[in-house]
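Shared between the two complexes below is subunit A, which pairs with subunit B and subunit C, respectively.
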Partner chain A sequence: MPTQGKRDEPAFRMSRRKMMKGVAAVLGAMALPAKDAPASVWESFFQKNFRELSPDDLKGVLARLEKEYSEKYKKAVKVRATPPVEGILYGYGLDLSRCIGCRRCVYACVGENNQSRDPQIHWIRVLQLNKERGVDLEDAEQYYNPAKVPEKGHFYMPVQCQQCEYPPCVKVCPVQATWKERDGITVVDYNWCIGCRYCMAACPYGARHFNWKKPGLPSAEMNPETHYLGNRPRPVGVVEKCTFCIQRVRNIPGRYTACVEICPVGARKFGNLLDPESEMRYIIENKRVFILKEDLNTRPKFFYFYAT
Partner chain B sequence: MPMRMIWGFFKGTLVLVAKGSKAYYTWVFTLLCFMGIGFLAYLYQLQHGLIITAMRDQVSWGFYISNFTFLVGVAAAAVLLVIPAYVYHWKPLKEVAVLGEMLAVSAMVMCLLFVTVDIGRPDRFWHLIPKFGILNFPQSLLAWDVVVLNIYLVLNLTIAVYILYNLYHKREPNKSFTTPLLLFSIPAAVSIHTVTAFLYNGLAARPFWNASILAPRFLASAFCSGPALMIILFQVIRKYTRIEIRNEAIFKVAELIAYSMFINLFLLGAEVFKEFYSNTVHLAPLQYLLEGLKGHNDLVPYIWTAMIFNVSAFFLFLIPQTRENYVTLNIGCVLIIIGVYIEKGMGLVIPGLVPDTLGEIYEYSPTGIEILLTMGIWATGLFVYTLLLRVAVPILTGEFFVGDDGRTAVIVDTEFIRRADHLAEQSYRD
Partner chain C sequence: MGRDCLRHWFVPGVATLVLCLVAGVATAAPPRAGGDAAKPNGASTPEKQFAVPTPPFTPGIFPCSECHKEMKPNPKRRELKDEHTNIVLNHGQWRWCLDCHDTYDRDRLHLVSGERIRFEESYRLCGQCHGDKYRDWKVGVHGKRTGMWNGEKQYLLCVNCHNPHDPRFKPLAPMPPPVRPGDIR
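And now, the complex of A and B:
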């Protein structure tokens, strides 16, 4: 099977037998479920959009998914659908003067949010920029790989979903498979997304990622504490994105996101924008704050700043 | 008994498409082979996921959507030929309208197939159907596109079938029914291409697409490629079948292409001037397309080929001597079809995504599977057009009509694709 990044390999490398086997397998289970498929497959096929599920429907869906994932990953998987907490609007801060570009956040995020390991999907991308040129994306390097960071003359800018107040990705979705929740988090219903990737074209921050292949997630590395709209395992052919660790932050008491928790230099901040006493409000009111691509009027709730 | 008459007509068409000369069978069989290969490629893609394409997160749309965009233009322009047919009172107006509409139908079928093979979850297509799923109308331009493309498909199919069904029953189609529909199909053709342009145009994240000149450029280039394709098809059709299409009509279409190409090149020039002179960060995609960026220049040879082809074709169609010479005319048509296919296909889609929103350059070129699948869809489109013509041509020439009992079909034309000298020997309407 071809793997990601190796598209230079010839496309036809399979034997005839493998091909026939493939044809038979696919013909059987082509786009639609087979006739003798278990009831859960049909339930999943006819499942309504998350926002149209009645409380009873939702209970059934969560139970079905928990059963399916628990069997697949051979551990007790929880799938919750914790609603937004009233009075909270999440905001994120990133201190560019502190970030050293170590990418610990990238991998903590992958571990927490059950991203595919093969091929790798990263919700956070860290850009290496030149101090001389400032925040110039045309000059950004994502694949820097020195023995030690930070490198002289450079600074680092992690980019992930900016949780826009006016998200262009939501506007363009032809089936309303993605939307902004009341607490400001933009989520995707992986059971409703048709995989057209229009949202990826619309996102100005490269925050959306597609499952080009069935995600490779080893059982041992699977995080069983999941949220329906967040880190539950994803099927092939749908789009996914950062949800501010919805499975963590919506708990009472809430937990910090995995990237905030792991950051060794304290460059990452998180809090409630509606709470005047929160750290985020302090930063916005007292530091030199900027948002990415301000001219596009997306109103990110992800604030970059220089603390020192 | 109208139901019985419709059934008789339908049964007749089934018998008709199964009959034909050796050339017809060979052609259909060749197309079926390519369709089969394309289908296998699609099964392979379904099994492994879209990873077998060269698309990735950076370039999330590729060859499929490029072909889709080009074909929307063909579908639109095929019908727009009805305008000059009316204005200049061409004799074969009915023929031009029917052939154009059938081309539009075939192109629409290809468009819908290209979208289908591009989406990650074809099993969830029903999410787009209002009532069953949720169509995000009017917010999403993709929802608009779904609506207008389907209306356009049904509209053209209705007009063409209505005209043919009446001619088959040896009566003139009711003008008070066809004329309003034909007139409506003109703004509908403009609208499908405009909506498709807006689909790209509305994305502020992609400066290459986010230019207001995009929709006019789409229309101008469609007015070149669609008619160029029609000129070639007209010649093929009149050579191998009994349909008569006069030279003046063909030369007039060629003249219209020259004007459209001028507008197309002018709009392109306006865009190039604005980007290069103002030299902002938005220049990068255009630079990537025209000269390459940071050593990445996969698209450069293609776009310059397209430019040279388009400019050459413009002059061939502008000068009356070359326009009215079938050798140079056909060269011009081929140049335009290839030129616009590059310019409005990969040349439009890929630079919209390269460099990506965070400045990364990922060079996209389609994989073998993508190419085979694409060929399969083109073969499907040609197959649909061939079968439609197989029915339409004998009806238009009076060689397929209803018998005296009002039900059984009479098939005079058992060959369809005939050698030209053969045609001359047989008297018209035997």
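And now, the complex of A and C:
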């Protein structure tokens, strides 16, 4: 007959602290790339924040990504990291007296910027508003689908990233994976983003979008002219946003953004705010202009205006 | 006495000098402004040319003189019964063909001044009535431009978007609405 003391003696003794240590070690090891993973996976694992990369590091990173994407999409993909041009501050104008809400811009943007088709991600959201109520976001409808637009008594307001001077999304990022470039474009380093989505909560314009699933991007529709901070293919679990087509506009000469190029009514305008001769400056100086949610002091560089 | 005398001459002297300067500035400025303003009036000072696409003619219709050279021009205002019956003029009131098309040179248009212009310059014709739109179009605010935002741009003519005989922009079918978040799987 066993004694009381012997029965209480545990056969295997482990403190809570020891167990937690073990669990942490195992979980940590699981988060590492597999032992036989290719070198590129290890490289991306140890890649620094974009802004801390030396020119040589950056060259290596771009080469690695180009190789990876070219294999995945079976075409020659170019990944550039064109820096901002001095003396340029991008500004955007949208003529509310012209927009008819046809959504051509939404899909031109998806095609140019390699957004996920399934699950669907759109960087531009076109709101249908009531002419009698004006810009009343409480009354906005984004799922309108009549046979023909514009509908009587309505006007349309496309909303996308407003490229704020004081971007709240940048302020809240806990890892500085998103920042405002010197030319005014707010960008995301998809390799540094941890997917916490704080920025989405902070953005007052609903302009940031999350890759909940692996983006569904057919190779045939993939745009191979990409920018590291813009339209290169995104992994699952990162946030993305409009970059004023950074892969187009940063070149000299640079093409207009995809949404400007497609707009059938010419409601979208784009230019350099620091150039007194630009279309944008003419609009700001001569037209009735407003910025969205001015009271939040985000200072958007996206100007809605009425040309008539 | 001496000091008073000095003041007596000095004050009016300065005043005259200032007046002269002000008058000089005032008279120097107007000719420049007048020169700019005079530009659009006279046909002698050519307007800035814009790189525009070819006008969207109905295929095979241009040059108009192909058919018209055989005909005697009839400047009488009337409804066309035999030709061009597909054109329904829905553009303002009391207009008819030869208000814009030239009676004697069918391959050109004419302005109110009588100046004949090519179809590529039709924006000048439109600008006679739609001056505010013309002003905005010239600086790239009305209408659409494609190409390079900081380089070579492609312009569109008024008639690339607005049918000159029926200029109101026609409604379009919208692209599909976004998927509701609840329907994304």
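In this section, the second predicted complex is superposed on the first by the 276 of 308 C-alpha atoms of A that agree within 3 Å, B and C clash if a C-alpha of one lies under 4 Å from a C-alpha of the other, contacts with A are read in each partner's own complex, and residues count from 1 in each chain.
Please note the rule applied: a contact is a pair of C-beta atoms (placed from the backbone, for glycine too) under 8 Å apart; a residue touches a chain by one contact, two chains touch by 3 or more.
Quick caveat, the model's predicted, so the values are computed rather than measured.
Note on subunit A: of its two partners subunit C and subunit B, the one contacting more of its residues is B.
By the touch criterion stated above, A:P119 is placed in contact with subunit B and with subunit C alike. Of the two partner chains, subunit C is the only one touched by A:R255; subunit B is not.
Of the two partner chains, subunit C is the only one that A:K287 touches; subunit B does not reach it.
When both complexes are overlaid on chain A, the residue A:K180 reaches neither subunit B nor subunit C. When both complexes are overlaid on chain A, the residue A:Q142 reaches subunit B and subunit C alike. Once the two complexes are overlaid on the shared chain, A:G266 sits against subunit C while remaining clear of subunit B. Judged by the touch definition given at the top, the superposed model places A:M200 against subunit B, while subunit C stays out of reach. When both complexes are overlaid on chain A, the residue A:K171 reaches subunit B alone and has no touch with subunit C.
Subunit A uses residues 119, 125, 142, 212 to touch subunit B in one structure and subunit C in the other.
Only residues 1-4, 7, 10-12, 19, 22-23, 25-27, 30-32, 45, 49, 52, 119, 125, 127, 137-140, 142, 159, 168, 171-177, 192-198, 200-206, 208-214, 235-239, 296-297 of subunit A touch subunit B when the two sit together in their complex.
Interface residues of subunit A facing subunit C in the complex, by the touch rule stated above, are 95, 100-104, 106-107, 119-120, 122, 125, 142-150, 212, 249, 252-257, 260-261, 263-266, 269-272, 279, 282-283, 287, 307-308.
Those residues of subunit B that touch subunit A in the shared complex are 40, 43-44, 46-58, 60-61, 115, 118-125, 127-128, 133-136, 139-143, 146, 199, 202-206, 281, 284, 352-353, 355-360, 367-369.
Within the complex formed with subunit A, the subunit C residues making contact are 132, 136, 139-152, 156, 161, 169, 171-180, 184-185.
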